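Next come two complexes built around chain A: one with chain B, the other with chain C.
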Partner chain A sequence: MIYMDNAATSYPKPDVVIQAMTDYMKNIGANSGRSSHRLAIEAGHIIYETREAIAELFNISDPLRIIFCSNVTEALNLAMRGFLKPDDGVITSSIEHNSVMRPLRALEEEGVEVTVVNCSSQGFLEPREIQAAIKANTKLIVLNHASNVIGSILPVAEVGEIARQNDLLLLLDAAQTGGAYPIDVEAMNIDLLAFTGHKAMYGPQGTGGLYIREGVDLKPLKWGGTGSRSDEERQPDFLPDRYESGTLNIVGLAGLGAGVRFVLAEGEDNIRGKEKNLTQKLLDGLTNLKGVTVYGGLDIDRQVGLVSFNIDGLMPSEVGFQLDEEYEIMCRVGLHCAPAAHKTIGTFPTGTVRLSLSYFTTEEEIGKTIEAITKIASK
Partner chain B sequence: MNKPTYGVVLFHSTQAAIKAEKILKEAEIKIKLIPVPRHLSSDCGICLRFEVDDVLAVKSTLASKNVQTARIHQL
Partner chain C sequence: MIYMDNAATSYPKPDVVIQAMTDYMKNIGANSGRSSHRLAIEAGHIIYETREAIAELFNISDPLRIIFCSNVTEALNLAMRGFLKPDDGVITSSIEHNSVMRPLRALEEEGVEVTVVNCSSQGFLEPREIQAAIKANTKLIVLNHASNVIGSILPVAEVGEIARQNDLLLLLDAAQTGGAYPIDVEAMNIDLLAFTGHKAMYGPQGTGGLYIREGVDLKPLKWGGTGSRSDEERQPDFLPDRYESGTLNIVGLAGLGAGVRFVLAEGEDNIRGKEKNLTQKLLDGLTNLKGVTVYGGLDIDRQVGLVSFNIDGLMPSEVGFQLDEEYEIMCRVGLHCAPAAHKTIGTFPTGTVRLSLSYFTTEEEIGKTIEAITKIASK
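Our next item is the complex of A and B:
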């Protein structure tokens, strides 16, 4: 079995992740912030240590400015819904995931002005196009760090500089990069960083969050119990409680903390180096095949560990089915929740076959995958 | 031996209390997370107990690391 669907969710997870989750379930199990016995405090420690690890990964100075959410989709909704008001302008790119586009289209119906800047057919964005799209009412720029369709990496630091010069906020969707590609909220001028825990941060599903820069105030997405200020019927104004109503996914956060510490211990450069090498091998193996079209810039320095392709005369779903049935290779096919991205690269409405690897993928698996695709394409 | 006299720092949130615990431990100040004593109505359920002689060190260490506190009391 070869798992090449890590862009959807990573598998396998490091053993330490499973151990941390089991340890919490067996030996701690309590809620945090509600009671004050020793197990409740232990649970609070686990949550805080996960914040700390994430703060280190993204160079965030105050771990309490990280808000835990159930995934990046919720984090993006909190950021966009909490910040944008009717008549505000927002700029985004033409290769965004629906977790950005759908909330923006909904906000558009409420009077927010949405400007979509086109990316090249290889999925790249010119920072000056963002500059040119800024209007008097523009308040926010929303970008994905890397496309989940073709893996292209966007010039975040350059856009961050533009945002700063124009007094705009930058919201980054780091779903495809967090853990796999360096992110530094200071160096890149990121005001709001939305991440998901279950991909390259190696946590379980149901984890993610939003970093909110000091000085940025958002309207909460939900209101409710926090354990703090229980005498008050109004939502507290301090972080993280302002945005973390309801019991957290503590078992999930135990796993996420272990996943991020795994990334920090292995070293992000090391992880990126290995994935780059594997991606290059995959690209080398596929680009020369007759009847195979590989999408994207084919520039490994501007691509994360995922490759989208099609085979002449075959629908993506047929290719995916053959890979699974005959070769036990698992991948994703179709539109990957990003219709605008497919229009940008010219694969709408059929979509692509997407192979996505992780730090646990081996050279042998890449070799077998190339072999299988070679056979399918030459039938 | 006399029991030391204690003070407590109250915080808005549990996570802030835990952050403070970590920072004060690193600074080798003797502290313990305890339930907030009933007579001190509180913002969150746990607070940090310290020995009163350390009050200045507690205050300056927390201030230097930007940890927001709600109140400080002597017990």
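Our next item is the complex of A and C:
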């Protein structure tokens, strides 16, 4: 079995991740921040250590400004709905996931003005197009760091500089990059960083979060018990409690902490280097195949470890079915929850076949995948 | 070590829960509803089986009307913020958790009228008080099924009947009862049932959900990718997708499914019977101790498996510290995120010491706990 669906969720996870989760379930179990007995304190340590590891990964100076969410979608909703008010303007790109576009379209109905800046058909964004789209009411720029459809990397640092100069906030959707590609909230001027735990950060599903720069205030998405200021029916105004109501997914955060520490130990440069090599091999193998169209810029320095393609005369679902049934290769086909991106690259409404790899993918698996696609294309 | 903090989160979990989570992490791993390869389909089955088990537990006819959330707090926020509009009236009790009161106080600032009906100092609610509080603008009644502070059980079926007669919705917070005390959404006329997965349903933290009766429409709490209608930037209007944006906590739901099936196999009556016996023993042991005040009605038929008490001359935190340090007994002290409940029973602002048990608590543990408290009280 060859798993090439890591952009949906990474698999396998490092053993340490499963071990950390099992240890927590078997030996700790308790809630953090509520009770004050020894197990509760141990649970609190686990959560804080996970915050610290993530802070190190993204160069965040205060770990308490990381808010844990159930996934990146929740983090993006908290950021956008918590910040934007009617008549505010927001700029985004034409290759965003529906985790950005659906909340924005809902906000549009409430009076927020949404401006979509076009990317090239290779999925690239010109920073000057962002500059040109800024209006008097613009408050926020929202971008994904890399497209989940074709893997193109967007010029975040340049856009961050534009945001700073124009007194706007930059919200980055790091779903496809966190753990796999360097992110520095200071150097890139990122005010709000939404990340998912279960992709290249190697944690389990049910984890993710939002970094909120000091000075940025958001309306909460939910209110409730926090284990703090329990004498008050008013939500606490300090972080992370203001935005973390209810019991956290502590077993998930135990796993996520182990996952991020795995990434830090292996080294992000090393991980990125390996994934670049594998992606290059995949591109080399597919771009020369007759009847196969590979999308994107084909420039490995501007692409994360995912490749979208189509085979002439075959629907993506048909290719995916053959890859699964005949070759035991798991991929994802269709629109990948990102209709705007497929319109941008010209593959709407049928979509593409997407292969996405991880640090655990081997050269042999890449070879077998190319072989399988060669056979399907030549039929 | 004696764990008496099950009302915060149950511990230990049944072995099958940890096994289901480990199996998922090691052997399946994939996302459901996004890709269509075999692992993704298997992940989808796990989620559906969890929905089915919960539907059976609560007598819900359509499992797809169960929305998975990260905890009961999120479920309560989705229900209350999704349903109530400015100028609407909502009735609740004076013994609610901050997971109900904080969202309601935030809604109050947005123009919702909140009426709090007093409970007795033993934590009981008279249904006629609810009837008397209904006004022309009343739309919703929100109640916890059992108090997280003193365990008193509220007359849900009677209030459900009042809600039905007055064309109001009933939202039940089942955090302290789901799995430990029978709930039937039909017989009790519950329109919205918010539950947590990690207490008496024996799943892991990070799980919970909301049942939404057919015909009830809520505004989503978050928008995003659902793996469905991926050609549209508009949120799908069918359930559960309308409210389940982003990747679900599948490993958590694998565990929750195993937990609920454990409850169904052991039998809720059997579980409730055992917990009643243990609670009675605890009450018997504590109520006659000199210097110890036990709160609540002391009527085992109207109480779940948790007991709150204080010792004359000692702060709850001091008692909790001694129980942990000298006797290795884990409990929870203070206000339990429920200031209104402590005002109702007369223990605000210092709170109480709370002991809470589970199906795995033994008679021996109850005996040792009584012994420890006897020693502390007699010092």
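Please note the rule applied: the second predicted complex is superposed on the first by the 379 of 379 C-alpha atoms of A that agree within 3 Å, B and C clash if a C-alpha of one lies under 4 Å from a C-alpha of the other, contacts with A are read in each partner's own complex, and residues count from 1 in each chain.
We take it that contacts are C-beta pairs under 8 Å (C-beta built on N, C-alpha and C of every residue); 3 or more make two chains touch, one makes a residue touch a chain.
No experiment lies behind these values; they were computed from the predicted model shown.
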Touched partner set for A:Leu64, first chain B, second chain C, both or neither: first
Partner chain in contact with A:Gly227 - chain B first, chain C second, else both or neither: both
Which superposed partner A:Leu289 touches (first chain B, second chain C, both, neither): neither
First (chain B), second (chain C), both or neither touched by A:Ser36: both
Touched partner set for A:His45, first chain B, second chain C, both or neither: first
Touching partner for A:Gly252 - first (chain B), second (chain C), both, neither: second
Partner touching more residues of chain A, whether chain B or chain C: C
Touching partner for A:Asp241 - first (chain B), second (chain C), both, neither: first
Chain B and chain C footprints on chain A, overlapping residues: 34-37, 40, 226-227, 231
Chain A-facing residues of chain B, complex: 12-19, 22, 33-36, 41, 43-46, 66, 68
Chain B-touching residues of chain A, taken from the complex the two chains share: 32-37, 40-41, 44-45, 47-48, 51-52, 62-64, 226-229, 231, 236, 238-241
Contact footprint of chain A on chain C as seen in their complex: 3, 5, 8-9, 11-13, 17-18, 21-22, 25-26, 29-31, 34-40, 69-74, 76-77, 81, 97-99, 101-103, 105-106, 196, 198, 204-208, 220-227, 230-235, 245-252, 317, 320-321, 323-324, 330-340, 348-349
